[in-house]
Amino acid sequence: MSLEFLEAFKFLKKDTFLHNLDPRSKLLFSIIISISALLFDEIVPLFLILLNLIPIIASGRLIKKWLKSVRGLTFLFIIIIILNTFFYDFSHAISMILRITIMVSAFSIFFLTVDPNDLALSLISMRVPYEYAFSFSLAFRFVPTIAREAQNIQDAQQSRGYEMQTSGIINQIKNLFPLLVPLIICSIKRAFNVAEALESRAFGSQKERTFLYTIKFSIKDWIFTIYLLLFLMLAIYVSFNFSLMPEWLMWSLPV
Amino acid sequence: MVIEIIDILPKVSATNVEYTYSNSTLALKDVNLSIMKGELVAIMGKNGAGKTTLIRTFNGLIKPSKGNVLIDGKNTSSQTIAELSKKVGIIFQNPMHQLFSNTIEEEIKFSLKNLDLSEEEIQTRTDNILKNFNLEKYRKRSPLSLSGGETKKLAIATIFCRNPDILVFDEPTLGQDAREIVFFTNLIKEEMDKGKTIVIVTHNIEFAMQHVPRTILMADGGIIADGPTRSVLNKEFLADKTSLILPQITQFNRALQEIGIQCPPNINSRNEMIMFLKKHLKSMGIKTKEEA
Amino acid sequence: MDLIKFNNFSYRYKGNEEYALNDINLAIKENKFILLAGETGSGKTSLLRCLNGLIPQFYAGYYKGSVKIAGHDTVETSISNLSTIVGIVFQNPENQLIAMTVENEIAFGMENLGISRNEMIKRMDESVRLTEIGHLLRKAPFELSGGEQQRVAIASILVLQPQILILDEPTALLDPRMARKILTLLKKIQSDSKITIIISEHRMDLVLPLVDEIIMMKEGRIVGHDIKDNIINGDDFKNLNINHPLIYSIFNALKEEKLLSNKIPDSIPEAIEYLNKIK
């Protein structure tokens, strides 16, 4: 289940409207959608926000992936429903579920459609120093490598009799050492090798850095940004004047 | 005379084995093989041909999606990795993937943990393996303080101390100099003498030609050749499919034939070639050291 | 002026009592393809890292003597400046490919040096052509095979237009055919662009025919540096703990029986040439 959930955050290159947007507009998107979700407790507005996401997800041809990630959250949802029924009310549970779905989806869209390369570039355009932006994208680049290494370590240890299943909390923690220690050591060694390679290619030279590719805000990005700002303004307006809103907006479950 | 049934059954057998990874890549298809007790076999092929996937089916790290793998006649799907790793010891390529203890002694003892041995037996085995591998002087040192070659020895030691019947090596000669390769060659000779069954996944054509009697070639997840090393590695079209090159001795042999020097095709070792060329040169009237 | 000059250079890593490099005196000229041979632990890796300043700038330790690359002292010149003269390709391509696409990977070093975009594109075209990776430009490094990864690594160094290219066991993780392809590529690059290539390699039979000179190392010292023929016909090469090529091994045995009237051949073609001549 957890691996499925992680798939919802892994970038894959595609040529769609959504993928071609500048990463900065997508970051703005994630933030604005999350803020608007936090503005409301009621089911209907939250549901409308969620509905609003769907055409955007569709434009990136990500509906299937999105549904998978939501499915990965069902366990969490069940816990929320149980806790809420005891301490609060069912209606509130649904609101919570909607809110979580919206926020997770918003950021999932971001990670699914932003090339880690471009992410570093967008950070730089926001005046983040190159070294920091670069470490960020470097981390991204090595995630699959480290995941593969973790698997190899697990295989090697199991081959010499290491058993994954044990009982007791203390034992389970102790049982992680044979996996974590080699992983950390190998990662440190790797870091050294990478640093060597970077130094050998003039990383950190005092010269003014140039870029082969840059990101640029296009018309589509401006339109999208204006749309997002309008959306935010509407959300704020509705939320602050909620009592003046039509009845159906305030509908909640009888429970 | 009692013949143990267990000695007639293959130690390792695979029947119609197929395996697909969770991301839908087909790693093994229609794999059939049978390795008898006491054999020394090399598995060769392009990177990605399925060699490492195949050996992982031997100790249960991977359970086939179709077909079955039998170790000592018993199906691996009904056994846990812990159980299988007592019979099949795989020594992987990177020793750094397993070292984590405070001392080398503890590292060995960790490997002996799930064997249900007495304290005494554990200590004896640890002492013996450290002595046999010439690692006694490092007993109380951290595994990380060893040089590259010695960590490789330690990795082998951690599997050997468990005394599995079947040993599988993944690229054991990678990055090793001549002396280290000699150490390894002697090691497997000793284990063969003890009746172990050994499988070596390797790219080292010269090593296989010189020391390994049987070679299995893999390509695209399947086995495309299985037989005596000297005939399997000498075929050009097989080398093409597996990204291998012909062994030096074979290339030399053929080149000699091309210039009209009739080198018998069964000359497959350095010493045989030296003897042949000595005869040839003498027949040309060139005198040896003694005769001159 | 020698392209590379070691003057009584010794180096000890911090925390080690023994010297990794002992009194190294070495002079290397331009336009040479050089093999660095020696057993594991003989100091090859350390020697190579002296050539672009990683030793002693990146690795903490103690040094004596000096190393000059094209006249630049490796202590006083920054590694980033030396990177325009010396390029290193490491053994494991995984750890030297840091970008998300091949294109960005090749551009990386040039971007760091502030090279203009137009110049970058020009240099990229050239090195991509040489290494034949044009069809891989938009791919991610982890999607490539080992051989492709090494070619990308080589291309991304070539764009810095170094005078010296260093390779530390570049074919270790590759299958034999791929290894041969990479070594042949390196020979072509060396003879076309007349740079000096220094390679540390275990696959003697593949690399011996290609090199001009051999440097032998043992226990942190240089025990021989000469043109290939002189080295392989000498005693030190015979006794060096390396994986001698089969042809060498055979003809050395013949030489010891005084059956060889010529120098020891470095490859099968040379051996055949000799045998053909004496027929």
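Think of it as A, B and C in the order they're written, each chain with its own count starting at 1.
As a convention for this text, contacts are C-beta pairs under 8 Å (C-beta built on N, C-alpha and C of every residue); 3 or more make two chains touch, one makes a residue touch a chain.
The structure presented is a predicted model; accordingly, all values stated were derived computationally and were not measured.
K.L.:
Let me check something: if the centre of a chain is the mean of its CA atoms, which chain is farthest from subunit B?
P.N.:
Result for the farthest chain: A.
K.L.:
Of the chain pairs A-B and B-C, which one is connected by the greater count of C-beta contacts?
P.N.:
B-C
K.L.:
Distance-wise, how many Å sit between the C-alpha centres of subunit A and subunit B, to the nearest whole number?
P.N.:
Roughly 44 Å separates the two chain centres.
K.L.:
Roughly how many whole angstrom separate the Cα centroids of subunit B and subunit C?
P.N.:
30
K.L.:
Over in the complex, which subunit B residues touch subunit A? Could you list them?
P.N.:
Listed in rising order, the residues are 56, 59, 61, 81-82, 85-86, 89-92, 94, 96-100, 110-115, 144, 158-159, 162.
K.L.:
Any idea which subunit A residues touch subunit B in the complex?
P.N.:
So the residues of subunit A touching subunit B come out as 149, 152-153, 155-163, 177-178, 181-182, 185-186, 189.
K.L.:
Contact residues on subunit A for subunit C in the complex?
P.N.:
Those in contact with subunit C are residues 115-117, 137-138, 140-141, 144-145, 190, 193-213.
K.L.:
Any idea which subunit C residues touch subunit A in the complex?
P.N.:
49, 52, 54, 58, 78-81, 83-84, 87-88, 90, 92, 94-96, 98-101, 103-104, 107-117, 120-121, 141-142, 156-157, 160
K.L.:
In the complex, go through subunit B and note every residue touching subunit C.
P.N.:
46-48, 147-149, 174-181, 203, 205-206, 239, 242-245, 248-249, 251-252, 255-256, 258-261, 270, 273-274, 277-278, 281-282, 284, 286-289, 292
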